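What follows is subunit A paired twice: with subunit B in the first complex and subunit C in the second.
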Partner chain A sequence: MSRIPLLACAAEFGLLLSATGLLAAQAQTMSRIGNVTGNADAGKREYRRYCVGCHGPAGDGLGENAQWIDPKPRDFTAAVFKCRSTPTGSLPTDEDLFHSVSRGVVTTNMPSWEPLTRQARANVVAYIKTFSSRWATQGPGTPITIPAETPANIESILRGRDVFQKMECWKCHGPAGHGDGPAASTLTDSKDNPIRPYNFSTGSRFKCGETNADVYRIFMTGLDGTPMPSFADLMQPNDAWDLVHFLRTLQPLQTPEAAIWQTWLPAHAKELKPLGPDQGGR
Partner chain B sequence: MRTRLITSLPLLALAVSAMGALSAPVKTAGGVSGTITFTGTPPRMRPIDMSKEPSCASQHPTPVMTETVMAGAGNTVQNVVVYISAGDQAGAAAAQPVRYDQKGCQYVPHVLVMQVGQPLEIYNNDQTSHNIHPLATINPEWNKSQPPGTPPIKATYAKPEFITVKCNVHPWMHGYFAVLATSHYAISGNDGKFSLAGLAPGKYTITAWHEKFGTQSQEVTVSASGTVTANFVFKALPY
Partner chain C sequence: MIDWSVKRRGGCRWVWSSALVLCGGLSVGLVSPAAAIARSDSSTNVTAVNRSGNRDRAKWEAYILAAGGVLPASAGLTLAAHKTAAIPAFARKYNLPCSACHTTWPELNSFGQRFKDRGYQLGNDRDSPIWVNPSYIPIAIRTTPGWRMEQTTHQPVDVVPGDGASGTVERTITQSGFDISGADLLMLGTLYKNITFGFVPTIADGEGVGIETAFVRFDNLRRSGWANLKVGKFELDNMLSEKRSMMLSNNGTFYQSYHFVPVGDVTNFGMGDNQIGAEWMGHSDNSYTRFSVAVLSSVDGTPGLPSGKSYDGAFTVSQGFDVGNLGLQRVGLYGFMGRRPTVFETTGGTPIPGTGTGNKSFYRFGAVGDFFLGKLEFLPLVMRASDNKDLAGGTRDATWNSGLLELHYYVNPQLVFTQRSEIIRMSNQADPATPKTLGNIDAFTFGYRWYPIMFSRAGLALVGELSFTKTIGTVPLSGDGVGFAPLTSATAVRSTSLLLALDFAF
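Then we have the complex of A and B:
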């Protein structure tokens, strides 16, 4: 599994970033991605070439292609981002933006920009930050810490199932994680466009990553600008890892957690109360 | 807080001079009061269907009505925030926290006024999770889940803004935070009446905000004593 090296790498990034302690004014026209420094002036050229059609010349998400696109391209003037390592309500780090630009946003029109050089991506990240004065006045939030993953065994999965029930994830995502909970059909994003909760049976990738650490980060920090709330103040690391392990059993691909679950389930299905409104759990 | 100020004149004088509003010792101060009404036909408030959340529905023997326009006898309007929008001396924010409750899947109060920097505490009194999602645009937008029995969520806002508050789980839950730069504000009651007291003599702009009717402002001159009247008339557009 490539998950562990990725996590270690992310931790290193975080360290580097906090060590540099950039000045706010500088930070707005620059970005720092590991040892690469992005420059907004250079980024403007790349932006005009690759991003403007969707995100618009003013960065407001109203590019000429935006009218045909759902979900809509991000409005950088609002400076509200889905994929953050930082608490809800705070700005993402340069790394967060860099990862989003590199990864793209699965199931949407936002492509992966991996083909551009690291330097070009760092530049364009610096340029995106010039669209909102929030970068000059606030700076990014402090990334949440993600402690080492706990063992993914059946006990952890079952505890995670209880967390899923207790935190009422099913209200939006549905008892089986199919994105069809009782509140699902009424949801809108913060710009009043209809939005659907993530359907866990559709794959193993998320808008904001694909590793177990990414899943942990997603529900802890929330997806700002959407109904998906932050749970960071409500869960201890152990609970959060348990929940990650349970969420993996809802996915169709052979995740190790799904394998454990499928081996255990046939002999024990009757011990489980259904998830959802009827006080489910064990 | 304002009512306490008017009851005791010495205290009032103290408060005003402490704010540095006047250099000379203050003997008296005035106020503004008025009534808020509307013309036209207001939108009808509709019953809310809470059947998807039985633990809340069971708390309401009769259906809860939407609270967008709360009209009283004689076309008065409740829940209008009236405040000094210009001419006020900036004072320190009140240290006393303001409280916002979720009870029976409703926000209490429907419109919560607070000052910039004033501590805000949000409570969940229900047996269901809510997510508190204030859709701020000038201040940062955040979104937090609050399951039953968890501690209050604490927050402050740094800039003045009227913020729509939403719970995504219960789409009928709709409220407002009115974050103000001034400590002089009032919210109209069911009789449409408001009063702002403890104002040093001078010229002020006062603004009235309503979630559906929008905002209106007018200039008033407050003398060393007595209360000036400022009424506001909103227009209910046909819906």
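Then we have the complex of A and C:
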């Protein structure tokens, strides 16, 4: 190979690297939410108006209010996010961040910012991505596939109850889902802050959504940065749907699952073994 | 909240928004019940009162006052200068900076509007007081010390001071000095999840304590944002809120359109005043769509027995539109319909409270907008208004139109420049012989608010404001300066307010 083609190859490679870097940088300073493109510069203004008090000017979760808040605000410099549609360990999609901003995080200080325009929220997402270099070097993960929901019936609920026992969900969430399992008091998040497991009996919503699909997604992606792991490698989709149906019976909601459960339970309560240590479910 | 409690006729200070008229012996318009009654004749049909000027209004006011429906001013105006406004107690409760809920406080942004619509709740299952640190008390205070100047042209004064017989000439009166506003204790929050309360006593030096706001609101009935019921004394759901106006000078602190009534008119109603009644309010989840319907006692927010047997009604409806980079744009309609009595039962010639009959109607309708173009906010409002001839004191209904455009330029969340232009034009005077321009108003206000600190515990704003009004043939609506009508009905009285103040809320 002559010297000229070598130089040409090197130049092409350099251009390719530059272009890749440029695209990565652009991806870091922009967000894409449907047909809305968020801009980090504009997002900075929104962030300083709405977010800075908790998440801090540097995005490190050390805003002036952080000391008073429990659970603590998200540290965007770590780029670890609870609510994702992507596998554990990967970055969330822009839509994931957008939904978190729009929905808020129930039982925390993070409110729903839905009154802001879609553009404003997309801008905030773009700006959040500038706090960590992970966004420049990694793309978001591929969203998991959520299969069609299986029928919610008593068999499914009972199987889900077995999954709850088998996967030891009760260790953190407690046998009745009250967030008072034997391990609950020992849990910490990735920054060693104490963290409480979700209490199903008090809330109608979850931190990462409120639909059955949202609950399914939580099992399969885990809540990164918390003790809640991903069960994607341990649970089959049907098992996950069964667990969703069972968990719905623990909530103070008028759901189809709760109606089925309440109809079935009075006549069969004695057939059930208590959930918890050394028990076997049904 | 802020009460630039103005010096009104006779130099008597009183709180505009307070329904209780605390100063007596006012020379022309403000009449104490006893004095007013003494000046009234035995006629029970006040529509028969022959009007030849403000002094004849005393007869009418006598009935209103004696009947418990206190009518505070000669022009029938009731200005609401107390501002409920920003409430740092919420910032402390939720750990959010002022700018989260306010474009610049006290004006609400879209997030703050939904927070208010939800009953001062974020909806994160942490709104009930049980979740709040027991040391937290939902109280905030706002007041405004500063320096101000008021200047009013064409004020009739004695040629020889102290000699009422020396004749009258018109002069420009200028007053200036350091002053303090009254103070509002802002107590609003949740009694329980979805049960909201509001209690705002106002304090003004030498004028006692008034109740600006007192209500209980049941939020999200049947888990629906469309069903919220509020009972008590509260501000109407005005899209252009006077209580949240960023302007504080004597002329600029209120919307002329909300309080104007024609010269000689006795309607005691101010759309900016907090009213007493019940309100049904609904909103979409993001509060882009909003409506309210209210039934109100016909007392313009004055506690006590109504003077008549009628109720006022009000409605508002608005829709916000997400227009991409331009931001949220909102348009709305509003209306207020009311009736006031013209005849009372009497005993020994004295009107009996609550017996008013012969109700005559008035209305205010209009449209309002809130538009953003980048950092520039436009707030236009138009109004069509009418008072029945028996209320307006003539042979035909008085009608008028008004319009205003308020501009806010947000340099950043800590600096805003403001400007407002407003005009009021009479369409029909109740008395055809009255000059058509009598009472017309032109008002212009320029100002800025700089917030050197803005965090989640308190707020401080340095305010500078210059406001001009031109009123044809009568005292300026703000009643600043000495507040007398000019000698002729064609004279344009120009009023200037200058304010340099420290507006703080904690």
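The rule is simple: the second predicted complex is superposed on the first by the 259 of 282 C-alpha atoms of A that agree within 3 Å, B and C clash if a C-alpha of one lies under 4 Å from a C-alpha of the other, contacts with A are read in each partner's own complex, and residues count from 1 in each chain.
Basically, a contact is a pair of C-beta atoms (placed from the backbone, for glycine too) under 8 Å apart; a residue touches a chain by one contact, two chains touch by 3 or more.
All figures in this text were calculated on a predicted structure; none of them were measured in a lab.
Look at subunit A after the overlay: subunit B and subunit C fit there side by side. Contacts of A:234 after superposition: subunit B is touched, whereas subunit C is not reached. Of the two partner chains, neither subunit B nor subunit C is touched by A:156. Touch criterion met: A:203 reaches subunit C, while subunit B stays clear of it. When the shared chain is aligned, no partner comes close enough to touch A:212: not subunit B, not subunit C.
Shared-chain residue A:171: touches subunit B; no touch with subunit C. Touch criterion met: A:225 reaches subunit B, while subunit C stays clear of it.
By the touch criterion stated above, A:255 is placed in contact with neither subunit B nor subunit C.
With chain A used as the common frame, the shortest Cα distance separating subunit B from subunit C works out to 27 Å.
In the superposition on chain A, the residues of subunit A contacted by subunit B and by subunit C do not overlap at all.
Residues 78, 80, 87-90, 134, 138, 166-168, 171-172, 182-183, 186-187, 190, 222, 224-231, 233-234 of subunit A touch subunit B in their complex.
In the complex of the two chains, the subunit B residues touching subunit A come out as 52, 128-129, 131-133, 135, 137, 140-145, 147, 150, 153, 168-171.
Only residues 94-97, 99-100, 109-111, 113-114, 122-126, 285-288, 322-325, 327-328, 412-413, 455-456 of subunit C touch subunit A when the two sit together in their complex. The residues of subunit A lying in touch with subunit C in their complex are 36, 45, 48-50, 52-54, 64-65, 68-69, 104-120, 202-203, 205.
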